[in-house]
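Several structures are given next for inspection.
In the two complexes below, chain A is the common chain; its partner is chain B in one and chain C in the other.
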Partner chain A sequence: MKDLTPILKTLWKSKTGPFLLVIQIAVAFTILINVGHMAINKWHEINKPSGLDEAHLFTFTANLPVEPDSYQARLEQDFADILELASVESVNATNSVPLTSWGLGLALNRTESDESYISYAGVYSMSSNFVETLGLEVIMGRKFDDAEMRLSSDDYMIKSTTAMVTKALAEKISPEDWTQTVGKTIYINGRPYQIVGIVNELIATWPAWWGNKRSIIFPVLTLTNESKFMVRAHPGQLQQAMEEVHTLLMRQPGRIIDKYHPFSHTRETGYKPMISSLVILIAVTIGLMVVTMLGTFGQARFAILRRKRQIGIRRALGASKWQIVRYYILENMVITSFGILLGVICAILLNVKLMDFFDLLSVPGEYFLVGAAVILVAGQFAVIPPALSAANISPASATRSV
Partner chain B sequence: MVGYYIKLAWLSLRKTPLLSMLMIGTIAIGIAAAMITITVGYMMAQDPLPHKSDRVAMVHLNSWDPTQPYGYRRNGKNDIPSTLTYQDAMALLKADKADKHTLFAQFSDMIRTTTSDVRDAQLHPIRSTTRDFFDMFGVPFIYGGTWSKEADLTGEQVIVLSKHENDRLFDGVNSVGKEVHVGTLLFRVVGVIDDWQPTPRFYTHRYLMYQSTLRYFVPLESQIRNALFSPTSMGFSCWGDDPNSTLADLLLSECVWLHLWVEFDSVDKKDDYFGFLSDYSEEQRKVGRFARPEPNRLMTVPEYLEKEGALSNENIMGIWFSLAFLLACLCNVMSLMMTKFHGKGGEIGLRRAVGASKKDIIIQFGFESIFIGLVGGVLGLLFAQVGLSVLADMFSNLHQSVMTMDIFLMVGTVGLAMSTSLLFGLWPIYRASQIQPSSQLKSL
Partner chain C sequence: MLQTISENAKGYNMLKMRGVAKSFVTKTVETQALQPFDLDISQGEFVAIVGPSGSGKTTFLNIAGLLEAHSEGQYYLDGKDITGLSDRSKSSLRNQKIGFIFQSFNLIPELNLFDNIEMPLRYRTFSRKVRAQRVMEALEKVGLAGRKSHYPQQLSGGQQQRVAIARALAGSPSFLLADEPTGNLDSKMADGIMALLKDINQQGTSILMVTHDMDQARQAGRVVEIRDGYLTEQQLALTA
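Let's turn to the complex of A and B:
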């Protein structure tokens, strides 16, 4: 530690180089902390469970090529025909397919007045069998019984009296104890709904919505000339089921089928923008680390070039190689620490700004610790090679020209 | 003289290849990062209708549910719908108070030529609109033109194709007068438009603004007369208990689904038109509609883009991050320059001793930093192009034009590299010019 005083004195004497390095490290630290935080948040978002049996699902949109009076009969016939296929386990129709960003969201209230707002929720209104088709897990209460399920052609606002919610939504409805949610009544647009069951997970249709664990399901399917189908194939028979269902439906004259995709495709497309921005965040972080290390490396070399003679004299006066290396390691640590200190301040300021912009949480304390450790270690990696070469300068050559 | 300094700069770079490469590489990376984000931001925030974006405005009427607001704006205030009900849209169209009106919606249907087999039909989204769409939004035609006024009124079955579809269906020949099947109906081609992609695609919703334009256009009235309706792909919002499962229901309902844009010959007419809108909603209030307090809006293109947040916070943040990144890179270059010029103490001393003034030294190294900036900028431009093509590949949901640099940005890139390189070189150059000849010559 007795090196510390001369180090500080030397740094003070020629301030520009170290000052630039401090700024670089501060900028790097600020970005590293905030980008790292965002990248990890994105990572969690992308890997959220959907609650669906994704591997065996495929979805599509198809029209009902009949007059409006016959929509219900046609749809029920389509269901029956599809179910007859040996490769198909279950089928249903829905108002919106998860992760396709196309659907309805509604505000839930505790009473008739919208003053008692609870939360926004993604809305699914589906035909019967959806628990089986989607592979949902009912963890509390019951699923809808067949008498509750309705196919109706005059409905947009959902005219049921019951609903099921996801666990994440139940936690919003009953913040003290979500298991108490079953049996409670919530209001949407002034209309009451009784909650009869809770499913563990069912992701809302918007991949980019941070609240997309909160979904509500109604036992109603609105009939129009088009329907969105979800089909669950028997394990290992997805490909076969997709071919068979397509052939079957196309037998009907006037049939239009669109967006015929396995669910893996839907997930991939839905999350593509987020995955892309995650890749960019990671690239920025890596680029920044590389540039900072280059900066530290250049700075250390500069310091050594300038102090060749000084090192030679110290060596001639009996300093060991280790003492020389130690000097540079310590010097780098001092500069890096100043940089980190400045960086911490900037990072906090930036984080506050970002929290205003996005619904981001504040960066947890351990990010600062990890960030500081990473920068310190990276700085050492950059400084050790030139320090070692400095220590290898022979005293004789370094002091020759004095 | 300039040539001599450039030669000196070149020799100096050759002398310390590693250091030079580091400097150039660092500038190139920093510039590339900054320019990639700036390009995306700049292209996203362009004025999509130059010369008349302040004369073209979107009509937002507050016809929504009296019991609750349509939604909330990002500032927390109540929002009103940005689309209209059929009855309001038709009433405003009939009143004809603006100089041009464009009303639009969309549907999807199977499209094929009359000579091809039914199984070759493809499902396409189709823009249903009025004849002024093309003129108001500056859509260029290759063949033919928009449909007649009568077609708008009578719902004549006519269609405008994009160049892409004309190439696919008719091998690119002039197809005006030929017919295509739209579902079971026959539509006559009246025009073919050239490639056209406004960036942003300002006239629609935010989440659709960077996607490709549609490839088929038909009169809105032809959609309505034939009850063509695609509820799973067309956006519409409803309140109340009106039925809305068919197009006929939708026309009578309070659901909002039609975009209305108006154009004025001069900016002054905008206020008059807003007055007309207020009168209209006042009249409607008397018959029990328009009970909400929030005022109507008449938003010009820039105002609408601002409201929809066309340039998202993420883009703005990306630009700031990359500028900070550039700053870090430049600090790095600055300390490398300090190293470099320090190593040249002997040369400086010698030049000074044989008669060079401080000014000469400053010019010499000034040239060197600009030279470094130039090479770094050109290299950065290359990196940025690579980065943008990687981005275009990753964000295939966005239109390519967002990821393309125009000539202004390219020149700007190199200019930014050179000027920042010089700016951050100023201090090292000043320091170098302060070197005393005597102190350096001693040790030579």
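Let's turn to the complex of A and C:
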């Protein structure tokens, strides 16, 4: 650390180059912290558990090729036929399939008044067996009983009086203690619904919605010409089940089947835009790091070329090669530390603005520590090659004419 | 032909060279910059090295100052054989045994006089207090104690060379290596620097000085001429 004082004095005497590098490092740090935070949040979003037994699920839409008053009979027959297949474990129909971005969201209130708003939630209305088919885990209360489960030509919102919610939604309904949610009544559009059970996870239909852990399920499926089916295959029999169900349903004249996919495809398609933006974020972050490292490399190289004679003098006066390397490493650490210090201030200010504009979470403290370590290490990697070349400057260069 | 230059030794051999030679090898050509020679310089001697440009003076100085390795022979500095020493050991020897004075002063422009003189001391294990004491003593010797916070560019050439001498003295070296110390100075300033060097020599520090100026060479006790890579001792008439 003996070099620290002369380094600070030298930097202060010719500060333009180092100052520009400090600014560059500060900008890189600011962006790295905030973009890194956004990227990791996105990563968590993309890998958020859906609550479904995804590996054994497939979904499709199929019409009911009968008159409307026969919809219920047809659908029940379809369920019965599908369940007879040895490869199928369970089947149900739903108003929307998770992660397909097509569905309904509604505001939940504590009373009839809209002013008692609790939260917005993704809405599912499903036929019986949905807990088994989707592989949901009921953690409090009960499943819907058979008497509650209905297929109806009316709107399920009118027919329902009970509902199940996800744990994340329960935490909004009972912020003090989510386990007290069962038995409570919530209101949607002025109608009361009693909560009878809580499932651990059931992701809403919109992958990009940050609140998509909050879902509500109604026990009534509204019958329409087109039904969305979800089928759970026995372990290891997904492909077989998909083929058998397709063949079975297509025996019905006038049947049209569409969007016939394993759930892995649904997840992949649903998160594609987010994965693309994550890739771009990571690419921008890496690009920025490379530019910063090149800047550090360039500054160090320029400083060394400019001070080639001075390095020769230091060598002549007794500096060992290691002492020269150490000098430039320490100088780089000083510049980088100033950059990080300025970057911390800028990153906090930017994060406050981003929190206002994009409803982001504040950047946790460990991001600053990791970001500082990354920038310091990157800076050292960038400065070592020019520092080593500086160490190889011959001490004899001190005696050469200017 | 081995040249042997070893005379009027005052005492302990500060510098002892035996069969030392230097050649540069490129892809196609080998150039013999210094022919094999023997040389002894004793403690307290003031030796001037003279010779025309390109004769090998700087190469000799670089070898004597451990800035460049010799190709053949043995070189003992203060009794220690430096042949085959590591770069680190040579750096340490340069720092502790040799004080350098360069033609173009070679001060660091971003550092003030105090920091310039302190710089080589930082490569040693001196405490901050000892370093400060040595710097101030050196500055006093060259008469610039009052200007320690000035920067080199605020001084005249003669003053800058005095700072360089102070830097060379601060480490208490076994001998000073001066490369054309007055080459960039006018005659008045040059006289001042020569007087300072003689004064330092009289206090017991050996000096090896490369110069073009025969008048200055005569002020040294001994003159060695290098011509076309050959070292020869010059017998000069004593000046009044």
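Here, the second predicted complex is superposed on the first by the 395 of 402 C-alpha atoms of A that agree within 3 Å, B and C clash if a C-alpha of one lies under 4 Å from a C-alpha of the other, contacts with A are read in each partner's own complex, and residues count from 1 in each chain.
Keep this in mind: a residue touches a chain if its C-beta (ideal position, glycine included) is under 8 Å from a C-beta of that chain, and two chains touch if they have at least 3 such contacts.
This one's a predicted model, so the numbers in the text were calculated from it and none came from an experiment.
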Room on chain A for both chain B and chain C (clash or fit): fit
Touched partner set for A:Leu342, first chain B, second chain C, both or neither: neither
Which superposed partner A:Ser277 touches (first chain B, second chain C, both, neither): first
Touched partner set for A:Ile313, first chain B, second chain C, both or neither: second
Chain B versus chain C as contact partner of A:Val370, first or second or both or neither: neither
Touched chain A residues, chain B compared with chain C: B
Which of chain B and chain C A:Pro395 touches, first, second, both or neither: second
Touched partner set for A:Thr10, first chain B, second chain C, both or neither: second
Contacts of A:Lys321 with chain B and chain C, given as first, second, both or neither: second
Overlay on shared chain A, then closest C-alpha pair between chain B and chain C (Å): 11
Contact residues of chain A, present in both the chain B and the chain C interface: 401
Touching residues (chain side chain A, partner chain C) in the complex: 2-3, 5-6, 9-10, 13-14, 309-310, 313-323, 394-396, 398-402
Partner chain A, residues of chain C touching it in the complex: 58, 61-62, 65-68, 87-88, 91-92, 94-96, 100, 102-104, 106, 108-112, 115, 119-120, 122-124, 167, 171, 179
Residue ranges of chain B in contact with chain A within the complex: 19, 22, 26, 29-30, 33, 65, 67-68, 108-110, 123, 184, 207, 229-233, 238-246, 255, 313-314, 317-318, 321-322, 324-325, 327-329, 331-332, 334-336, 338-339, 342-343, 391, 394-397, 427, 431, 443
Contact set on chain A toward chain B in their complex: 16-17, 20-21, 23-24, 27-28, 30-31, 35, 61, 68, 101-102, 107, 114, 153-157, 189-190, 222-228, 254, 256, 258, 269, 272-273, 275-277, 279-280, 284, 287-288, 291-292, 294-295, 298-299, 301-302, 305-306, 354, 357-358, 401
